[in-house]
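In this document, chain identifiers A, B and C correspond to the written order of the chains, with residue numbering beginning at 1 in each.
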Amino acid sequence: MGDIESENQNIENKIKELARNLLREKEVDVIIGYKKGTVPLSSSPVFITREEDVDKLLWNNLCYVNLANYLAPRIPTLYDEEGQKLKVGIVAKGCVGRALIHLAVENQINLENIKMIGISCNGIINRKRIEKEIGEKEILETSILGNNIIVKGRDFEKTFPFDEYMNELCKVCKVKSPPNVVDSCVGECLENPVIEDDFNDISDFESKTSEEKWAYIKDTLSACTRCYACREVCPMCYCNLCFVDQNKPIWFGKTTDFTDIFAFHFNRAMHLAGRCVACGACSSVCPMGIDLNIITRKLEKIVKERYNFTSGMDKETLPPMMSFSMDDNQEFMLEED
Amino acid sequence: MEVMILMKDQVAKLYDELSGEYNFFAPVKEKGYVAYRKISNPKEIELNYFNSKIPPKEILFPQMEVLFEFKTDGKNVIEIEDRKDLDEKNILFGIRPCDAHSFDLLEKFFAFGDFQDEIFLKKRENSLIIGIGCNSPKSTCFCTSVEGHPFQKDDMDIFLVDLGDKYLVEGISDKGNNLIQQLSWLSKASKADTIKAKELAKKAEDLITTKLDLTNTSQILESNFGNEIWKEVSENCLGCGSCTFLCPTCTCFDVIDENDQYENRGRRIRIWDTCQFCLYTLHTSGHNPRDNNIERCRNRILHKFSYYPLNYDLIGCVGCGRCIQVCPVNNDLRTIINKINNIKPKEEENVSV
Amino acid sequence: MNEITSETEQMKISNDEWEPKILAFLCNWCSYAGADLAGVSRIQYPPNIRVVRVPCSGRINPYFIVKALIDGWDGVLVSGCHPGDCHYLTGNLVARRRFGILKDLLEFFGIESDRVSFMWASAAEGERFAVLVRKTTKLVKKLGPNKKFEKKW
């Protein structure tokens, strides 16, 4: 198994090797991957078209953006001069693979044109948590040493155990590598991961009273500035006109009054039921540091317990909101005593 | 005007003396970041901070602001109530030089042309900025590249220097000097204090590592509107509003009406808008002159580094580095400017026969 | 009930005089007819519901329910045809999927579960309709006024 540091080195080398081969054999026109960020605790999605640029690709536990976002139809930059869709290679950790499969299920992309460079992801660093703990001092450098995250500043150095300072969603992740991708995949890649999840991580929250839940939600979400970074980075938010931008009719306000903030986040969660792939990108990119992980987990729990469904696992199963059955359970319906 | 000293444990006294007359805005710690808030207790003030997450423009130009309220009779508007709080005086405490300069840019924007924005300008007129120099700029700071400096004091009313356990207090404007005279209990600064302040200024300047050469950028931008570089630079941009919302000089806003039909009243609100949203330039005809992220990314850079110099003879960026820190895909402004500066001039086209 | 309630309202609640306002979406073919039957048969049921007629329970967009709560309605009731009897064949089956997820998510966000109810009532079930409206009114009344979404003017 080795430690995180050596795993990363192995993953990075293999990514470059596979990417180089794909470009050389002209199996793809462009490779979407991650390159080093210019500020600590960041990475930057990169589009590589030439073999000599392949060395820019990296893997460092800070690759939080879900690259499937760039294939969803709303960002149509991947066309050549004649308007033909380019063949795309994509560095796919588990949640990226899930997102691609789910987008295919929703008929938004054609998986035939996409080659996944699968990797068995070993987790993403919870950058917002580390930034909060370091506080006002500037972080100048972060690195992985063994199984620890080392954070250095001008006059300080702190060590964080990787297992504890991973994203909350990564801690309970069951799909580390893209489903059904074994050949071009780095690390321990499972073809059909079995999802067994008791959702214990949110049981504490679920046992709170309504008032406590409301207080927590209000406290977490009231920092929202409606910048929509969460919506734009989400691969599943690809509507040409988001419901908040609709004006015939205006459903909900766009202000930062908590009523409007609640409306946005609640309805976005409803729209993601059975579609969210729990990549955690939304929480990683929020400029105000809002962590939506419990909402994501609840969405997964609802569809798993009601319909035994996990999004993005295979192309054939229809998501719960795209199907129905006479035998659906209806224990929540009002009935005579 | 003489230079004075304010001990750090006297900040509470400063608040107590001024809070009756002024709304006191100071940095407070909030959920893991620093924000400028109106405080009611001097204990809330956080003196150990680098800079706020959301720039202090939000004090005078908040994310959500009521422009006026109105009453209806069920069908028509029968009464309009204007803002009544614009004459209140504000103290903006602990503003960094980059953000203080942004107020100058904001003022120029809201006062430009025939229609003056009364709400912002009145509040600005009634505000007094107590700024503070940056002893340790971040690696993403580049105020010195945009005609600024970590100890620049021109845009403030009172300038403070953090000397460790005390602040050096210097009055800059008449408003600031008058206030200092009011605070008769401030002790005088010693020669050693002023020398230390000068040393800190030099040290701060040396700590700025990001240096951008903007001498030709404006001209290069004017003649490269259609350059291919914009596709490269905007490739991974998501089109969210993070950079613009956290920018001290971004001023775009949307105006919406809220109707409370149950109480026969309503209000007109303005909320922050951004050129990065797809709706921003969408015409009612359905045509959108900037309908992809290439054009929107380009617009933001041009606005700050080309249109502002053309219209106001000022660079529209204060070098605070917030956009660099917060961009979800790490689209670094410094990289973009460097790429633009390196655009090779087009060769003369030979008309072939 | 920790949001601001006016004095008269508080008095009404303590005197058991406060009455909830419940928005009811009834599908045209079954539930609306069932409500009509209850009326024609002179079956008494609480006057707290205000009815909006929709062609099918499948027409119900979760926005309607959330917007109702945000506008200040104390409760929302949605009623449709029994599964298998939908006039449009499968509208209520689609709705059933939506409602289950919506109810779970509302509860998770801290909106009391009893505020929003879903039921089936056919055109012949006037008595059933009245019984269930009585039940949901009782549940919502116990929860008190919905004050979570009041905007401060």
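In the analysis below, contacts are C-beta pairs under 8 Å (C-beta built on N, C-alpha and C of every residue); 3 or more make two chains touch, one makes a residue touch a chain.
What you see is a predicted model; the values in this text were computed from it and never measured.
J.: Any idea which chain sits dead centre by C-alpha averages?
T.: Closest chain centre to the overall C-alpha centroid: A.
J.: So which has more C-beta pairs touching, A-C or B-C?
T.: Greater number of contacting C-beta pairs: A-C.
J.: I'd like to verify one number: the distance from the centre of chain A to the centre of chain B, where each centre is the average of its C-alpha atoms, in whole angstrom.
T.: Those two chain centres are 32 Å apart.
J.: For chain B and chain C, what's the span in angstrom between their mean Cα positions?
T.: From the centre of chain B to the centre of chain C is 48 Å.
J.: Using mean CA coordinates as chain centres, what's the gap between chain A and chain C in Å?
T.: 36
J.: Listing for chain B: what residues touch at least two other chains?
T.: In chain B, the residues touching two or more other chains are 258.
J.: Residues of chain C that contact two or more other chains, please.
T.: Residue numbers touching two or more other chains: 151.
J.: For chain A, write out the residues touching at least two other chains, lowest number first.
T.: Correct list: 257.
J.: Flag every residue of chain B that touches chain A in the complex, lowest number first.
T.: Residues in contact with chain A: 30-34, 48-50, 53-54, 63-64, 136, 138-140, 231, 235-236, 238-242, 245-246, 254, 256, 258, 269, 271-272, 274, 277-279, 292-294, 324-326, 328-332, 334-335.
J.: Where on chain A does chain C make contact in their complex?
T.: Checking each residue of chain A against chain C gives 206, 210-218, 243, 251-252, 257, 259, 262-263, 266-267, 269-270, 273-274, 295, 298-299, 302-303, 306, 320-321, 323-326, 328-330, 332-337.
J.: Under the touch definition given earlier, write down the residues of chain C that touch chain B in their complex.
T.: Per the touch definition, chain C meets chain B at residues 72, 151, 153.
J.: Going by the contact rule set out above, which residues of chain B touch chain C in the complex?
T.: Those in contact with chain C are residues 69, 258, 260, 262, 265, 267.
J.: For the complex, give me every residue of chain C touching chain A.
T.: For this pair, the touching residues of chain C are 2, 62-63, 66-67, 70, 77, 83-84, 90, 93-94, 96-113, 117-120, 128, 131-132, 135-136, 148-152.
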